[in-house]
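Labels run A, B and C following the written order; every chain starts at residue 1.
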Amino acid sequence: MRLLRGALLLLGLPTVLFGLWWIASADSTSFYFPPLQKILAEFAETWTAERWRADVLPSLARLGAGYAASCVLGITLGLLIGRTRWLLHLTEPVLEFARAVPPPVLVPVIMLVAGIGDTMKTAVIVSGCIWPILLNTIAGVRSADAVQLDTAAAFGLGRTRTLTSVVLPAASPRIVTGMRQSLAIGLILMVISEMFAAQSGLGFAIVQFQRSYAIPAMWSGILLLGCLGVALAALFNLFDRAVLHWYHRMRERSA
Amino acid sequence: MRRLLALSALAITLVSTATACGGEEDGNADGTDTVSVGVIPIVDVAPIYLGIEQGFFAERGITVELTEAQGGAAIVPGVAAEEFDFGFSNLTSLLLAQSSGLPIEVVANGVASTGEAGADFGAVMVAADSPIQTPADLAGATVAVNTLNNIGDTTIRESVRADGGDPTDIGFTEVPFPDMPAQLAAGNLDAVWVVEPFKSIVEAEGGRPVAWNYVDAAPDLTVAAYFATTKLVQEDADLVERFAAAIAESLQYATDNPDAVRDILTTYTDISPDILAAMTLPAWPADVNRDSVERLAALGEADGIFENPPDVDALLP
Amino acid sequence: MSHKTNRDPAGPRPGDADTPHPSPAGPTAPRPGDPRARLHPRRPRPRLRPTPGRTPPLPVPLVLGAAGVALALAAGQLLPHTPLVNPAYTPTTGAVLNALAADLARGEFWQALADTLTAWALGLAIAVAAGAALGILIGSLPPVRAAANSTIEFLRPIPSVALVPLAVLLFGTRLPSTLLLVVYAAFWQVLVQVLAGVRDIDPVAADTARSLRLNPWQRLRHLAWPTALPYLMTGVRLAATVALVLAITAELVIGSPGLGHEIAVAQSSGATERMYALILVAGGLGVLVNLGVRAVERGALRWHPSVRSEAPA
């Protein structure tokens, strides 16, 4: 019964909305808004195993690489900058500035440095994903409880030990929040990075469909993007629960 | 909360008003027609800017509102949705749209190749030290075009074929024109297909042309044209005729006054003065070259870019 | 100097907590909305008063920050002279600043700036209004919230850029098409935050409201709104940044009037110096917007005792 209720909640509203879309577009003759029926039929035809291998998987691989690089770079730099007061002051204005530049504007600049291959696309993803992680890590590190830090100092824990036992756990809820935001941004950047100088990829495919007026296929690509987003969000929730189970339990208790 | 509701009501009203304003009436009280034309701010559309400046449209009772878009991807849907009355786009894109079922028609010529190898406004360029010397050498190379499955790659394949080479495994990559010179210089690409002003920019960097694809595809190739929906052509034939006549006069004026062209370019582009002076200007003949368009359609069909065969007669006036 | 219950006597600054959390300092730490927080500041600190007659100490953060900016500009000046990049396509900082100065003197630049800011402000206003309204509505009704969860998770990751053809179809290349992209992206930021805020209502206060038999309107005004307000402000801050990025992106890709369109024209003319100058302006605008929204946030939440927090998005 619980399973049924869970499934109903998950699928209820989307099904209703889908149904409305189906009915509303059934007689559509508009070129750019084909009937949902046609889009779904196109879905099966377009996203064959061949296309998955050629387009979707490379895109996801690049997203994965870019995201992983952002996490590693963001957390490492964030720990460093957050713990060193003068470094924080030095870099803060420049960091705030750099993150405010819209990624599509940066793509030509990145192309100059990284060429036009996979490196460029991964670099574009990193250029956008790193900011939430970096800034959240810095904030998390700076919010480490003073009492705990003093205790660590009193016990003579070295810098490394303090980092791993006190600072990192204290910062982890914020870091995970940053990682979640980055994931959403990463998906967007994955599409943007493939709008320029690409030869394969999900975003590339969607743009090519649009350019060659294969509109139902374009819509099916957008639908696929949405599904990927949901799947990635669900995966991230699992990760969140695994890493922060102690934090969630604590909040529940205090609620 | 009340403030929030008021704010939302205001916002909704604003958006609806903005939407309503999207579809304006074309007729004016004083008898002139206001038309909106979607163009890309590039060299090719200099004539229409000149025509507006010289009054060719005003004397035919047309007020032109030019809207600069970033590419055919924004203009063709804009015309189809009647946001623009007229648009500017290359012929292969128009053939693609027409073969996909969009009800559009060419109303006037836009721009054409000069037809002279060695002095055209677009070419395939390579770096100075490249081993590629002839079009046939492009076989198996990485060539950048600004849009895949469009006029660039189809005409380049023809260049290679005409020179006796094999076009089947050329690695076409889609790169925006502005980024091509740097990528060529960095060695990430073997060759780039560029049009002015980027052709002159690459030349200034030491690049040299290796294939004149517009010339090889067909004699006096019509590259791009002004188009409108079939609906407009049928419902307001008079307006379309007057617009076409004004465009024809503008094209002639541009052909006769190349210095005026270079001057007007400074008003809607950022091209630097020395590049402006060095650029090869395209040709602006008064009529669309029908044979060349049929050739483009045949080339496109051979390369498999059309889902259905395009109907050239339905597209051209 | 302002006295804030923070570790840093200079107070919260930009770059601070993108997503500040209730510090996992223990179950006894006061949470937002908790009236006890007013009585028990989290970390009591001795007040620092400047000794009369002594000059105030050098604002170290400001000096270091300026030094950082200077370093970055110097690097930009020197980089094109190194073999790392091709000097033809990477102008020096000096050349870029020259182009910027030339641009500032042109009327079109200010017109484009005004266009971008208009799109940003209007889009943000619509997104905030819609996000707050829907967020409170959905959040207050638990079954609706549970049902809407999967839909929100599905629609949220769809990149705004995928909506470009739709925008062009509906609104052409004028302001409303930019607005569509801006509102779509910014709306989710606000919605998610407000939903988290409504969920965070203190259960004791909720019970009190029920036992006092407050009607839904009063519950909204006294319960949901004050609890959600800090989250809403965080949402506004995040949405403001996203809105600006999307406004410029939309102008770049669609061609609607604004800074993004100017960047595109500079790109398609091969005017790299002007392009970089405009990129600088875009970044600077983002910083200003961020600072401005933070100031508004501080002002709007002056009454709130503890560090503002937000739940994981």
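Following the convention adopted for this analysis, a contact is a pair of C-beta atoms (placed from the backbone, for glycine too) under 8 Å apart; a residue touches a chain by one contact, two chains touch by 3 or more.
Everything numeric here is computed off the predicted structure, so don't read it as measured data.
> Could you draw the chains as nodes, link the ones that touch, and say if you get a line, ring, star, complete or other?
complete
> Which chain has its C-alpha centroid at the greatest distance from the C-alpha centroid of chain A?
So the chain farthest away from chain A turns out to be B.
> Please find the two chains that have the most C-beta pairs touching each other.
A-C
> For chain A and chain B, what's the span in angstrom between their mean Cα positions?
Measuring from centre to centre gives 36 Å for this pair.
> Distance-wise, how many Å sit between the C-alpha centres of chain B and chain C, to the nearest whole number?
39
> Based only on mean CA positions, could you tell me how far chain A sits from chain C in angstrom?
Whole-Å distance between the two chain centres: 18.
> Return the residues of chain A touching two or more other chains; collapse runs of consecutive numbers into ranges.
32, 108, 112, 210 - these are the residues of chain A that touch more than one other chain.
> Going by the touch rule set out above, which residues of chain C reach two or more other chains?
86, 89, 165, 169, 252-253, 267
> By the touch rule stated above, which residues of chain B touch at least two different other chains?
Where chain B meets two or more other chains at a single residue, that happens at 73, 77, 80-81, 176, 178, 182, 186.
> Once bound in the complex, which stretches of chain A touch chain B?
Interface residues on chain A, with respect to chain B: 31-32, 108, 111-112, 115-117, 196-199, 208, 210-215.
> If you look only at chain C, which of its residues touch chain A in the complex?
Counting only chain C, the residues touching chain A are 7-8, 13-25, 27, 29, 31, 43, 60-61, 64-69, 71-72, 85-86, 89-90, 146-151, 153-162, 165-166, 169, 203, 241, 244-246, 248-249, 252-253, 260, 263, 267, 275-276, 279, 282-287, 289-290, 312-313.
> Using the touch definition up top, name the residues of chain A that touch chain C in the complex.
9-14, 17, 32, 86, 88-106, 108-109, 112-113, 132, 135-136, 138-140, 142-143, 145-148, 169-170, 173-174, 176-178, 180-181, 184, 187-188, 191-192, 195, 206, 210, 218, 222, 225-230, 232-234, 240, 247, 250-251, 253-255
> Which of the residues in chain C come into contact with chain B in the complex?
Touching chain B from chain C are residues 86, 88-89, 122, 125-126, 129-130, 132-133, 164-165, 168-176, 179, 217, 220-221, 225, 252-255, 261, 264-271, 274.
> Name, in rising order, each residue of chain B that touches chain A in their complex.
Per the touch definition, chain B meets chain A at residues 72-73, 77, 80-81, 96-97, 100-102, 144, 147-150, 171, 173-176, 178-179, 182-183, 186, 188-189, 305, 307.
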